[in-house]
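Consider the two complexes below, in which subunit A is the common component and subunit B and subunit C are the respective partners.
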Partner chain A sequence: MTEKKNVSMIQRRLIPTYIFLVIVSIISVFPLYWMISAATNTSTDVSRGKIVPGGYFMQNFKNLVSQQPLWKAMGNSFFYAILTTVVCLLVCSIAGYGFEIYHDKWKDKLFSTLLLAMMVPQVATMIPLFQMVSKAKLLNTSVGFILPMVSTPFMIMMFRQNARAFPIDIIEAARIDGLNEVQIFFQMFFPTMRSTYAAAAVITFMNAWNAYLWPKVIMTDNKSLTMPMLIANLITGYVTDYGMLMCGVLFCSIPTMVVFFVLQKQFAEGITGAVK
Partner chain B sequence: MKKKVISMLLAGAMVLSLAACGGGSSDSGSSGGGAAAADSGSSGGGAAAAADSGSSGGSGTKLTIWTWDQSFNIAAMNTAIEMYKADHPDFDAEVIETPSEDCETKLTTCANSGDYSTMADIVLMQDNSYQKFLASYPDAFTDLSDIGIDWSQFPELKQSYSMVGDQHFGVPFDNGAVIGCYRTDILEEAGYTIDDLTDITWTRFMEIGQDVFAKTGKYLLSSEASGGDTLLMMIFSCGAGVVDADGNPYIVDNEAVKACVDIYVQMIKNNVVLLVNSWDDYIKSITTGQTAGIVNGNWITGTLMSTEDQAGKWEITTMPRVDGVATATNYANNGGSSWYITSNCKDVALAKDFLLNTFGNNTDFYDAILPTTGAIACYLPAAETEAYNAPSEYFNGQPIFATIVEYSGHIPAYNRTPYHYESRTALNTAVQQIVDGADPATALQEAQDTLAFNMGQ
Partner chain C sequence: MNTKKKGMTLIEKQRMSGWFFLAPASIMIAVMSFYPMIRAFILSLQTGTGVNMKFTGFSNYQRILADKVFIQSIGNTFFYLIIQVPIMLVLAILLAQLLNNQHLRFKGLFRTCVFLPCATSLVSYAIIFRSLFAQDGLVNSVLVNLHILPQAYNFLGNALSARIVIIIALIWRWTGYNMVFYLSGLQNIEYSVYEAAKIDGANGWKTFWGITVPLLRPTIIMTFIMSINGTLQLFDESVNLTKGGPANASITMSHYIYNTCFVNVPNFGYASAMSFIVFIMVAILAFINLKVGDTRD
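Now for the complex of A and B:
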């Protein structure tokens, strides 16, 4: 009897917390809801502030497809985002692993320099970067597109932090068993750190998917149009079709949402640094 | 075993992607070389070929063009390409959709790194921002003075946006003449007609506005608080600018600016002008019928016409003029853009000939793009064609296109500044402060100082 009372008391005490959480959830989910409902309304209805979903989605979609190469942009975005993610994960995990496992007296100084680079905003490095890429004849190529994104100080730091939790005993045991260093990385470190890789994959994929300024500057033809560029193209006119715009935004956000939801569990583990 | 598979897959993906990238890079390397060769080949004969329009079509180069807005600039450019192709079968051009800000970012990056090779042959730039780029990067653009256009057929003000001294750099495109649009149904409710708002002063406008607000609860005008153009349009309609002839900030002792700020602030305080926070709110105030009028560049008609349930309720007329200023008129310009040939152009002669025979002198072309894009020409002879004189159903049967071109011929010139947007922000900030109770002289002094600071003085 008393136990039941306790439970109900605890529940009652939690009511304000739940109310608070519900309100916060509504606030954070509302923009998402508004995006979907706006994609189903006419531009005029959207500008008039209608928030109830309408029946105009197919028309918005048709307008979008007839005006912009939606599927090509989706394909490009997937190509560049996946390529960047794969290469970035490989490069940064090797770097992070190396920084943590191998020892050298200059290591920490080098790492600090690397972290300093994190403080420099992207726009500031844009012109020198453009010059480098232009001299290397990489303008308008996939390599030029992904190169500045494959090795980021943040990712290296994340892998180094998580490698700290990787038991050194495993490496020593593997060495005794006759594995060479490359094998240890791929066969021991890589499978153990799966959740870190998942978290890094989500972050890199999102960054690569949303990349705008750099690709826009170095990619010069219509063939390399990506989703964020397509969205930008929709808002530049004298007249903005809000319904069509939101329809485009919806298509642009779906992949990152899917990636996040699929890897959500590992993402949370990876961010907090878990070794299994 | 499983791990081996994964690592194999990873390595495989790497190899594949690198191979793909390698292919791409060698490809672009060769095309870059090709472009350079074409460039050096054609530049020698450029001047000679410019005079002879027939021969330049056959060079086989493909022009690239940067512009934005599928339903406006891009549609117009595509029509131009089609029409030019009909006479020059070898001609080929590709439009690369590039938002205005991105054109500017790319231009800045290219200019600062000294590598123009990624620039398009032809770019569209907004009239209000072009001068800044021309002043900063003069070697990025080609002089078009010898293109062969009869400049007297374009309004002087429009030309001045793309000129330095006597040199022409741009081919004028769309018209930014300011119009007043009014909801006749709301005016009628308050006992007014469109004639009561034609060729009036802002003082009279305020009287009518107060009356309309008292009778219908609707504002006569709305304007963006920080990014709005209303105040600048009022100043420009007096033939005045916010800088003097040497380009120095000229606000504090400028009688025209003071008169405009004064009446504008009064209108805000008296419920005639509704200040909104953003462009989206501005559009909302129109589509929801919160305001009965608009004073803006004529391109606003595009947004209006998408509000189909207000068809037949709108009519256009001239904007009000500022009273107490001797040079005041009922005409001003807001927005618009022009075409430029970059210094990276592979075939300058061809690009010049293309622009001359479409945007430069062709009324058939302007007739063709009018119904599909609503893009109104600056080319004055276009106003005489049938298409331009056709009545517009949305605007109660008014022939708005011919009217707008006619307005554009009356717009007074003023002292332009490359720091157009900076001056707009500074003045709008001053207005906000005055509305909130600040002393006008102090607020305007601050605006002038801010502008001077932005100019690096």
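Now for the complex of A and C:
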């Protein structure tokens, strides 16, 4: 009896908290809800302030496909993002493993030096990188896209932190069993670190999918454009077709939203991964 | 056996193989970050186009001092920084604190909602906010229908309101992101610490300042550095939300540097000089932050 009373009292005291959280949640979700509902309405309805979903989605979609290379951009974005993720995970995980398992004075010094790269702004390296990539004839290519993205201090740090929990005994035992160092990595470390890889994959995929400045610099050809570039192209005119625009924004957001809802835990882990 | 022939012990051999593991990533960072940074500095001392670049000393840096648009872009960036970062971080800590309450129900749902904006790409949310605040956008039609405004207000056509829309958008997009850091930090604090504080008679406000903030300090400093770093490099929002307008009133440094390279007559030397200034700002602010974090220990 008293316990029940206690619970209801605690809940009653939490009412302001609930109200606040509900308001914040609505504000957080509303713009995305509006995007979806606008994608299903005509542009005039959208500007009139209609916020309930309509039945105009197919028409918006047809308009979009007829004006913009939607499938091409979706395909490009998927290809670039997946390629970035695979290469980045490989390069950064072996580095994180190497820095932690074989660490000595010099490797630690190198690691601190690499961390300085976190402070290098993208806009500062953009011009020399553009010159390098164009000299190497890699403009409009996936290789050009992934080059600056596959090795990041953040990812190396994340794998290093997580490698710390990897028991050194396993490595010793594997060495006695006659496995070489590369085999130990792929047969022992790789399978046990699945959750770290999942978190790293989610965050890298999202970053690569969302990348805008770098692709805008090197993708000069309409055939190589990415989804963020495509939807940015939709607002260049004076008159905006909101229905079609939001339809494009929806397509650009679907993959990251799906990843978010399916792998939210890994996403949160990936964001905070390097700072445990 | 083999090792003795090479004159190496087993440990030395293992240490050597370690270098092969970290070589690809290290070389990539050197080539893709450090080398371009040096190149940017060299470029910043040159003027000309294409292959006809000539060294002209610090003339590009002198030009910056007289460039009203770049100075405007610095001002805008710091305007965003000073207003947005504190509001966002305080809101994020507050939300994390509220969501960390043991007795709260629907925790997962609230957390997902607050975190959801992180799932949208930067360009997407910039365009969504551009559309919401357009003259024929939803915000205007609601305000006019409620008779708060007599007629639609051109939010993006007015210098101050355009900047404020960018700040609102930034807060919307990044609060949940920072909250995740605080939540994971709070989960490391034993709940018994709070129970003890309650028994000692500390109220919510006191526990917040006496326990939460001090224990989260490393996380707060880190999110602060990240937010400053991110804000100094703002690009997508300026390009897609306000297009830098009206008349460069909301343009960011990165956006202006991009324009100098790829939109206006290309001037790589001058753009590099400006980008080097951005680099110095990021470095100085991060350094100050780390120092402040250290001395309070």
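Remarks
Heads up, the rule we're going with is that the second predicted complex is superposed on the first by the 260 of 276 C-alpha atoms of A that agree within 3 Å, B and C clash if a C-alpha of one lies under 4 Å from a C-alpha of the other, contacts with A are read in each partner's own complex, and residues count from 1 in each chain.
Here, a residue touches a chain if its C-beta (ideal position, glycine included) is under 8 Å from a C-beta of that chain, and two chains touch if they have at least 3 such contacts.
Owing to the predicted nature of the structure, the values given are computational and were not obtained by experimental measurement.
If you put the two complexes together on subunit A, you find that subunit B and subunit C bump into each other.
By the touch criterion stated above, A:Ile101 is placed in contact with subunit C alone, subunit B being left untouched. Of the two partner chains placed around the shared chain by superposition, subunit B and subunit C are both touched by A:Ile127.
Look at A:Gly55: by the touch rule set out above, it reaches neither subunit B nor subunit C.
In the superposition on chain A, A:Phe260 makes contact with subunit C only, while subunit B stays out of contact range.
Contact with neither subunit B nor subunit C is seen for A:Gly178 once the two complexes are overlaid on the shared chain. Once the two complexes are overlaid on the shared chain, A:Val86 sits against subunit B while remaining clear of subunit C.
With both structures placed on the common chain, the touch criterion links A:Trp34 to subunit C but leaves subunit B unconnected.
Within the superposed three-chain arrangement, the count of touched residues of subunit A is higher for C, of the candidates subunit B and subunit C. Only one of the stretches 22-30, 94-102, 220-228 or 256-264 in subunit C has C-alpha atoms clashing with subunit B after the fit on chain A, and that stretch is 256-264. Annotation: subunit A residues 47-49, 126-128, 130-131, 213, 216-217, 232, 235, 240 touch subunit B in one complex and subunit C in the other. Listing the residues of subunit B that touch subunit A in their complex gives 3-4, 6-7, 10, 13-14, 17, 20-22, 24-25, 27-29, 32, 64, 68-72, 94, 96-97, 99-102, 105-106, 109-110, 112-115, 117-118, 120, 280, 283-284, 287-288, 299-300, 302-303, 306-309, 335. Of all the residues in subunit A, the ones that touch subunit C in their complex are 7, 10-11, 14, 17, 20-21, 24-29, 31-32, 34-35, 38, 46-49, 51, 91-92, 94-95, 97-99, 101-104, 107, 110, 114, 116-132, 147-148, 150-153, 156, 181, 185, 206, 209-210, 212-213, 216-217, 227-229, 231-232, 234-235, 240, 242, 245-246, 249, 252-253, 256-257, 259-261, 264, 267-268, 271-272, 275. Interface of subunit C with subunit A (complex): residues 14-15, 17-22, 24-26, 28-29, 32-37, 39-40, 43, 95, 98-99, 101, 103-105, 109-110, 112-125, 127-132, 134, 136-138, 141-142, 145, 172, 176-177, 180-181, 183-184, 219, 222, 229, 232-233, 235-236, 239-240, 253-254, 257-258, 261-262, 268, 271-272, 275-276, 278-279, 282-283, 286. Interface of subunit A with subunit B (complex): residues 43-44, 47-49, 67-68, 83, 86-87, 90, 126-128, 130-131, 134, 137-144, 186-187, 190-191, 213, 216-218, 220-222, 225, 232-233, 235-241.
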